[in-house]
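Heads up, there are several structures right after this.
Common to both upcoming complexes is chain A, partnered first by chain B, then by chain C.
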Partner chain A sequence: MKWYTLFPALTLFALPMFPFFDIYSSTLDLALLFGVLTASWDVLAGFTNYFNLGQAFMFGLGAYTSALLSVDWGATIPETMAASTLVSAIMGLLIGIPSLRIKGPYFSIFTLSLPLLFEQLTFIFPNQLGGERGIFGVHKLSHSLIGSYYATLVFALASLLVLYVIGASGTGLILKALGEDEDAVRANGLNPTTYKIFGFVISSVFAGLSGSVYANVFGFVEPMLFSYSVSLSVVVMGVLGGLGTIAGPFYAAFLVELLPPALGVGQTEATIIMTIVVMILLIRNPSRLHRIIRTEKVKVEAHPTKR
Partner chain B sequence: MMLGIGFNFMYTTSQFLNFAYGSIYTLVAYLAYYFLRISIGVWFSYLLAMTIGVLLSILIYHFAQPQRIGSLRSAAFTIASALLIEGIVEEFFGENYYSFPLKSYLAGYNRILYHTIGVPVQNQTLLAASLSSATLLGVWFLLYRTKLGYGFRALALDESQAELVGVNAKLMGFISAAVGGSLVSEASLLLSPSGVLYPDMGWVPLIEAFGVVIVGGLGSLRGTVIAALGVSLVYEVVFYLVSPVYSALVPLALAALTIALRPNGLYGRLK
Partner chain C sequence: MPSILEVREVKKKFNGLMVLKGVTMSVEAGKIVGLIGPNGAGKTTLFNVISGFVRPDSGSVVFSGREIVGLAPEEISRLGVRRTFQLLKLWEKLTVEQNILVSALSVYQGESARREVRTTLLEFGLAGKASLYPTQLSQGERRLVELARAVVAKPVLLLLDEPLAGLSEGEAESVFEAIRRLHVRGSTMLIVEHRVKVLMRNVDRVVVMDQGVVIAQGNPADVVADPKVIEVYLGGTPP
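Right after this comes the complex of A and B.
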């Protein structure tokens, strides 16, 4: 995690100068939001090694909160964003407290089922939650393409910076220590569960916020936001970008979202290409190119890695 | 339920979380459908689809052995392979819905049962119920009455100790991958003919299986069986007495309740 890895993101300000911008601006917005989503996933997964397989849940939750408030109650955009933050933070606490107390894979398995739960809820209450069609007519942030792009970009960069600062702070260090050895953290008089829950809540809040921005930029939400492909793509893109680097997952998600138009292939083909690359990386582990996942404890002791 | 057992079997014996089981489930169903359509015989096509499912499970295990590349990386690998299999299915079959061409002797309702107890039961359901109970007995026999099962149980208790007394952990891992894969393929062949096929059909049974596994406890086969029966009972009760739309939430709600009240599940023991 190096501070200068954040700089390439600034070049994104120049993108609207290119002629293809008008065609792909919505793809770019989506790619930015996915970048934030993946970076927020990385705060918990990359540092503490607790894989959240339901990151789409918080994204969708934020999006639906904003959409409902905006359509039904006519709330303004700052209000909806604040509400989304609050809702996802509370939800993060509610889910994190029971499931992060225990070690092991329970957390991953449990979070994987959450998006399904919410997807079902949207079908159970079609009148309130829009059912299969979703909710339309959300108050838009900006009606021009460039306006929405810059708004999304500013949000993305700001969250990236905040996530980076959290990662570089003392709390971030404790989170990383949790990933290495939970017992060692406990031996130092710190409560691992508190820090895990803190990491999860931070991760949820930024996922919820990006969902809220999604609703406000695109003007609609749909149950597809909760699909497994979103949650699991986040995991794959995070691994691709380099766990625990914050900026890496952001770039990986951004670039992968741009793959289909860039290569002229469909979403399915892009998924196939991306997963094959990730699988090869996972097996081969070109550790100098990208330290993909923190290697096992024994190896860490053998060659101490710089961070 | 069998998916849950297959998943838990793998986890118990080799600490391996395979998220690709849902996709193997999908792939086997699609393959069986495809082989049936090019009409190479029912049993042969089922067998072929199942073999491919088992081979795939072994292949994924080969690359993602948690002992070799670390448990997190192996989980990430299985997630990537799940997305890959799903992508390939979507690429070849498209996003359309398919329904299984059922053989006439499986399609209808069972007459004998209808006349004796007056409940219409589909032949396919009957076959699924009887075969899955038989499989369950088989798994139980394998685990508790054979030398192989002795090795599995030893590995589940303590890996290094088991190796010390001559259990080949590597080979056992591959065998358990094969058993897990065949359980998933069998579940797919028994369940999918009564529904429709679509590319991400595998996730719902996988998540229901996860719910069952959480309730029963990771690493406990007995717990999984009991939880599967209990969860499906509650599911059916909610389905008929309350409303079909709520029943899909039952496994998840029970899993959430279990995590809150008894984090290790009914019979779970986690190291």
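Right after this comes the complex of A and C.
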């Protein structure tokens, strides 16, 4: 991880000067939020190789928390963001503590099911959670396109900086170490589970905050926020951007979100193109798939027949 | 001298096979103890029991007066037991300096940790290799990095599992020189090593295991002359 990889993000301040800005401002806002969502996913997946296959869950949770507090309780934007942070952190602990104690694919399998569960809840409780239609009338950060964009950009860059600092810190080193060999981490006096849970809580908090900002930028939330395509996009963009780099997944997510309008194609076509690219990457480097599904068995060094 | 480590009647079975059949041995503070035995004797299993990676079926392991059976490896490590592995477990995506820093962070914080790492790098002659990755090092240098990583936290007891495995004579001499310097500083060590002659020249006591039990222990000269050891090792030729 190199600090100068953060610099290109500063050029995003200049985008409103371009004539296409008004047409694509919403897409840019979404691209920034997906950038943070993917960078936050990278803190756990890219460093520890524990792949969260349901990042949409925390995104949707943050969004719906903000929406409900805003619409039902009249909470201010700082209050809804604080609440989303707290809810995401608590859920991160509740999910992380039981599922990250065990090595293997269990964490990935568990996180895969969470977005589906909550998506269904929005349909089961339509009066409270809006059902298929979602929740409208959420307080907006700004009613101008430029205001919304800069508010989102400041959030995105601040988040990117915080995530980068965590990744480059001693804690980030420990996360990377346990991603390679947890037994070596334990033999050197550190508890891998504590650090994995920390990584997941950080990832959850920033995913939840991205959802909260989404609600406050667009003024509504809907069940689609929990969809598998969101979670899958995060994984794909994270892998494309370079696992364990924070900035790479951020830029990959940002650029890929802009792909459909840039190529003049629809979202479906863009998804197909992206999927083909990822398949080619996986065929060329199968170890990426190996890391995603964590099928590597724990090597037991002491074998009764050997020593 | 008081014993820093006492292993009492430790038994362990894997898949119906008794790997440790009641091992009893001890390590005195400030001494180097060599642990030898043929393949399958149970040496690494014993290391795994002491360091907490394997829980024994019965018996006890007392470290600095405290029972440590049942504690997690990281808890035992924080109490002062650090180990190396026969199959090196370096973090290949971290530099030499970062490998050692991760261990230092278990005991120190911030700038103190970085200072200890710099001191350790100098001590092991690795300062010039600090920014390299393990894949860029020779096997001997990789062994030194793993040793440095264990030592930076100033452990009370070092468990070294075949620290010379896979090394040339020259590399082995460098690594054992580092081990000797640690001993001069007062470090207590338990070393498993198949290069028995090198080990015998450099340890205070030897424990010999065979088929899950201790068959002899004492000073090197006595152990080498023990008929049971001679019988087990090389069919009648002293090790």
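Assume the second predicted complex is superposed on the first by the 284 of 307 C-alpha atoms of A that agree within 3 Å, B and C clash if a C-alpha of one lies under 4 Å from a C-alpha of the other, contacts with A are read in each partner's own complex, and residues count from 1 in each chain.
Throughout what follows, contacts are C-beta pairs under 8 Å (C-beta built on N, C-alpha and C of every residue); 3 or more make two chains touch, one makes a residue touch a chain.
All values reported here derive from a predicted model rather than from experimental measurement.
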Which of chain B and chain C A:I23 touches, first, second, both or neither: neither
Contact breadth on chain A, by residue count: chain C or chain B: B
Partner chain in contact with A:S113 - chain B first, chain C second, else both or neither: first
Which superposed partner A:E180 touches (first chain B, second chain C, both, neither): second
Touched partner set for A:N188, first chain B, second chain C, both or neither: second
Touched partner set for A:Y228, first chain B, second chain C, both or neither: first
Contacts of A:E269 with chain B and chain C, given as first, second, both or neither: first
Common interface positions of chain A, toward chain B and toward chain C: none
For the chain B and chain A complex, residues of the former touching the latter: 11, 17, 19, 63-64, 69-70, 72-73, 75-77, 79-84, 86-88, 90-91, 200, 203-204, 207, 210-211, 213-214, 218, 245-246, 248-249, 251-252, 255-256, 259-260, 263-264, 270
Chain C contact footprint on chain A (complex, rising order): 170, 173-174, 176-177, 180-181, 183-192, 244, 301-307
In the complex, chain A residues that touch chain B: 49, 51, 53, 98-99, 101-106, 108-110, 112-114, 116-117, 120, 123-124, 227-229, 232-233, 235-236, 239, 268-269, 271-272, 275-276, 278-279, 282-283, 285, 292-296
Touching residues (chain side chain C, partner chain A) in the complex: 14-15, 17, 19, 39-45, 47-48, 51, 53-54, 72-74, 77-78, 82-83, 85-87, 89-94, 98-99, 101-103, 105-107, 110, 113, 149-150, 153
